[in-house]
Amino acid sequence: MKSLVLEPDLSLNIREIDVCEQLGPRDVRIKLHTVGICGSDVHYCMHGRIGPFVVTEPMVLGHEAAGVIVEVGALVEHLKAGDRVCMEPGIPDANSRASRLGKYNLDPRVRFWATPPVHGVLRPEVVHPASYTFKLPDSVSFAEGAMVEPLAVGMHAVAKARVKPGDKAVVLGAGPIGLVTALATLAGGCSEVMIADLIEPKLALAATLGAITPVNVGHQNLSDVVREKTDGWGADVVFECSGSTQAAACLFDVLCPGGTAVYVGMPVEPVVMDIVAAQVKEARIETVFRYAHVYDRALSLMEAGRIDVKPLITDTFRFSDSVDAFEFAKQMPATSVKVQIQMPV
Amino acid sequence: MKSLVLEPDLSLNIREIDVCEQLGPRDVRIKLHTVGICGSDVHYCMHGRIGPFVVTEPMVLGHEAAGVIVEVGALVEHLKAGDRVCMEPGIPDANSRASRLGKYNLDPRVRFWATPPVHGVLRPEVVHPASYTFKLPDSVSFAEGAMVEPLAVGMHAVAKARVKPGDKAVVLGAGPIGLVTALATLAGGCSEVMIADLIEPKLALAATLGAITPVNVGHQNLSDVVREKTDGWGADVVFECSGSTQAAACLFDVLCPGGTAVYVGMPVEPVVMDIVAAQVKEARIETVFRYAHVYDRALSLMEAGRIDVKPLITDTFRFSDSVDAFEFAKQMPATSVKVQIQMPV
Amino acid sequence: MKSLVLEPDLSLNIREIDVCEQLGPRDVRIKLHTVGICGSDVHYCMHGRIGPFVVTEPMVLGHEAAGVIVEVGALVEHLKAGDRVCMEPGIPDANSRASRLGKYNLDPRVRFWATPPVHGVLRPEVVHPASYTFKLPDSVSFAEGAMVEPLAVGMHAVAKARVKPGDKAVVLGAGPIGLVTALATLAGGCSEVMIADLIEPKLALAATLGAITPVNVGHQNLSDVVREKTDGWGADVVFECSGSTQAAACLFDVLCPGGTAVYVGMPVEPVVMDIVAAQVKEARIETVFRYAHVYDRALSLMEAGRIDVKPLITDTFRFSDSVDAFEFAKQMPATSVKVQIQMPV
Amino acid sequence: MKSLVLEPDLSLNIREIDVCEQLGPRDVRIKLHTVGICGSDVHYCMHGRIGPFVVTEPMVLGHEAAGVIVEVGALVEHLKAGDRVCMEPGIPDANSRASRLGKYNLDPRVRFWATPPVHGVLRPEVVHPASYTFKLPDSVSFAEGAMVEPLAVGMHAVAKARVKPGDKAVVLGAGPIGLVTALATLAGGCSEVMIADLIEPKLALAATLGAITPVNVGHQNLSDVVREKTDGWGADVVFECSGSTQAAACLFDVLCPGGTAVYVGMPVEPVVMDIVAAQVKEARIETVFRYAHVYDRALSLMEAGRIDVKPLITDTFRFSDSVDAFEFAKQMPATSVKVQIQMPV
């Protein structure tokens, strides 16, 4: 199986690698079609680790994926060979305490694609539990299907925020996660989203996605914009999607009394937070780790035409060019949001 | 002041009536522009009472209203003469226990327009608290402004249901309340709404309003439709908007495990409910009484183009023809949803 | 294995029956010590069915149980032979949609002890998943351990009600479920519980359990009592535990505006409900089906001395007298709450 | 009126001061009986300011108070002269946006006793809105009544945390706010509270208050204690009551997956927070500012014997010794929790 393999010395090659997988009775085997590149993939390429997860053995990259089912286990009922699908990349232990509570994303024993020592899916095939495999509606392409994974983060953030119809939201950061969160926020009932970033092309893209006001914090004052758009009351919800420690620290300024802040992005360093600024507004602060129970919801909103992720897919490479694709992604071009790789047919 | 007055003998006349109102420091005076006819107005015309509220003195009808501010009290800050506005028709006691808890709609001492002994607003002018008066966005017409009152019921129902993005909903009844609830449900994040009724023109109108599947329960089986649209799981939320006791009794059939039923419509008689059918799904049942805290939210969603109430305004009369308008409304024509009356300029 | 077997002809015998059970790697084998008799056990004895569940084959009765572990599967970590335990009687499919959402009690494929065709545990031993087996604290006896099952219903009802500290509650019905709900309600933060019944000895027992006001609705007016105890505001929460259709229908009278009603008991017939009475208070209505995620919580409150179920264990029989125990339970003596059977050592 | 007055030069005197107050129709006049000293009172004495609030004019101190009604306004219904009462020290504008939402504690225009320029109540009499004045049950003394104010902070924190019966909690800090939070946490349904501090006498006092495990973090490892007490899962709720930036920063270590952290204490400096540590557990973080809607709840739990604040009242002074009382409070003796001042009869 030719796969895209990251070596412990951080070199990246398309090469044969043996990934031994048995099809269990509740599993499906999927031929991969499209795989997106996530910031974490790039981070492993550059640094060889994320927190406690270290690349000590060769590892296949990629966890944002869509494909076609080629084989199903004996007990699988809702899927069949030929179905076009996308997949949740994390496989929890269904019997863990967290899973039983319905919070399978918090199971510390979850096995997550392209997180050492678990292989990702930039390879021809993968065996996966049917429970975490979702049929694509006819109107949703493989490329869009591979976008469900990042979109799921935004969907989960909006569900955690408990957005109410007519809420006004601020999204800090117009990268891939900021943009999918903005889309989810609008789909979830917000009447107005203000999105803040420093990179003009990303803001320009954001402005095309719906009732979204771009705010270039390089020369605009976000607090002023929020004050004007909310009659001075503040935003009902603020989503921190930049991972910037400055952004994460100051978000209570633009929040309304009794409002909600959601930390979606993962700041690379601890954040200096003004707790008293949060307290005088009795801010509720939600934190988000991946997602749970949102794939089918994301797909149904895409099918209904309520969320359109196509404008975020800015760059597509063939699998044979996937090393180039990663080089491109490392540069983080201002006009690029999501880079995807198409597997050989 | 020429007003539309319902007499205790149930005759209806345009005539002079003295409604004495003083402008307090926190009040505004509004010249009425458009007033919608609600089912409760028609009910008072036909029966002279709703529950404990009996028409024993002449009463001006109408509580769905928009107009222009002509005078403001000394302490009013956010409104000025010339502002186009719509108004919440209920005025609670801000110091009541319910109001202090934020549930002003549940204050038993609320004074509500066109509910005996409080006059409605089918008259030239009204004095109203600025707190319950909302500025219309430029893009929202007076006719749409007068629709905010019924829309608020649907918005409140969706907020109470705590709809999550990608929920699938059923709305029972395609009358005015069913239709505004369907609009609010979509705006609030549902990916799919199935609306059930017996009257074909209402269903046909519903089908034009968005991702709404009309179900004529005269010849279609609602359970079958829901099963198909939800992969057999059931609807996440069911809104009972028909006021029909049969509908109110059977809604647990189409609900998913752990789902939510909301009683929006007021059934005229007690409902025979299969509690065990609700229990085996652990249904949460919310009940709705008018609305609170949603006017500004409804307006912002209308301004953002996320809710369009114009298709529901099917019939418009001049004030001089308002007795005819009520005769028309009493007939409940199959193609009529909302009847509005335009006041003299 | 000598077991208490209900035959399809409704005769009840202690006799040999072959219950074939294999110990899986995540299972434990438990020697039963104490088993309580539930209303559903008695109902099967008398009527041979509950809803769709019909006794067509011989079935061992009993599902409220505590015992000692005698063997553990290879993957069991948190339990060992010799541990004193109690068990959740329902075994869900961990991969069902309901289970993955954390609502395993709503899994339609749950296998529940003493619900046809699943055998109960009035027998020497049982094999059970370790995940649904809970170690008893040293201070909790086997008899108390066997009470965790009914207590769990009350605990779950209180969790669903989202009781806040200082809430005032009404419990309708002072049978076993009413009494455990009253205990859970107090433990969950209520400052005052009013419990209503017609049977004086049950009310007298209730009054000994804490800050509980007994109300004999045969000669006292519950509404008057609630009005006096709540300064006219109404109860924050009402728990319907009587299964009586009259009680289930009228509970909104004693509820405060914005209050919560919880249907815990299962009324044998549909309930005629005054929806409008619920709506004018915007009552939230929760329904309860068994329980989920509360066994460990119940045990920790018992260990902390915050819940004492011992006064509810009114009658204890030896296993050899278990047919007599069921005859006794069928009579429903006014002074009996919970009948338990002790298995042979 | 002889009052305890803090001068802008930070000198403290008992002297005459003219506090002009008119009794409105919804007000009551209260003769003060007992007034507690709060940390904020002491802070004003020592520093002359808290954040933006600066003592620029002479100001009467004290806001934790109980007394006797001596006069009632014309519209007051639920109180009468002679009633023993305690009072919420903050008076919001009932028409503000925050108040209408039921969050009157977040109204930026709230007038709060002993917060410049509003006088406190270490004086003979005060006029106060009846809505924020609460009758003491017969069994609750004036000294306990004056403790309701600090207790309300803990009650509000527990309500915000949405404690469920059987939760296990950690309280960081065993000062007055930590101790009232621990009491509220137990009353609110927690089965186990671990309280952490460095000062042994405070921990020793805590240990006498209920199912509370004292943890001296000077020589004990809190994480180890929590791990043992929760079978390795972590605490369901952590209340930060120390105001210590170290404590505020590290509380996610002891939290369970999906758990809740509540910032009750106000850290004097910004906190360096490990957001990723919160994210991997999807911690919900609530922040608390004073309280709302809890006085009556606190009183009912005190009346029911569920909360006993008497052990926290460690030191009582006569009003004539109130300057000494403040000197004593400034020293923060290890064995002192709450200092109260009794007004002249």
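Letters A, B, C and D mark the chains as written, and numbering starts fresh at 1 in each.
Quick note on the criterion: a contact is a pair of C-beta atoms (placed from the backbone, for glycine too) under 8 Å apart; a residue touches a chain by one contact, two chains touch by 3 or more.
Note that the structure is a prediction, hence the values are computed from the model and not measured.
S.K.: Higher C-beta contact count, C-D or A-D?
M.R.: A-D
S.K.: I'd like the Å distance between the centres of chain A and chain D, where a centre is the mean of that chain's Cα atoms.
M.R.: 42
S.K.: Let me have the rounded angstrom distance from the C-alpha centre of chain C over to the C-alpha centre of chain D, please.
M.R.: 39
S.K.: Where in chain A do residues touch at least two different other chains?
M.R.: 101, 103
S.K.: Which category does the touching pattern between chains fall into here: line, ring, star, complete, or other?
M.R.: Topology of touching chains reads as complete, every chain touching all others.
S.K.: Would you mind writing out the residues of chain C in touch with chain B in their complex?
M.R.: My answer: residues 51, 97-98, 101, 103, 105-108, 160, 233, 248-249, 257-258, 263, 266-267, 270-276, 278-289.
S.K.: State the interface residues of chain A toward chain C in the complex, per the touch definition above.
M.R.: For chain A paired with chain C, touching residues are 26, 94-95, 99-104, 131, 293.
S.K.: Name, in rising order, each residue of chain C that touches chain D in their complex.
M.R.: 78, 155, 158-159, 162-168, 184, 187-189, 191-192, 211, 231, 294, 296-298, 300-301, 303-306
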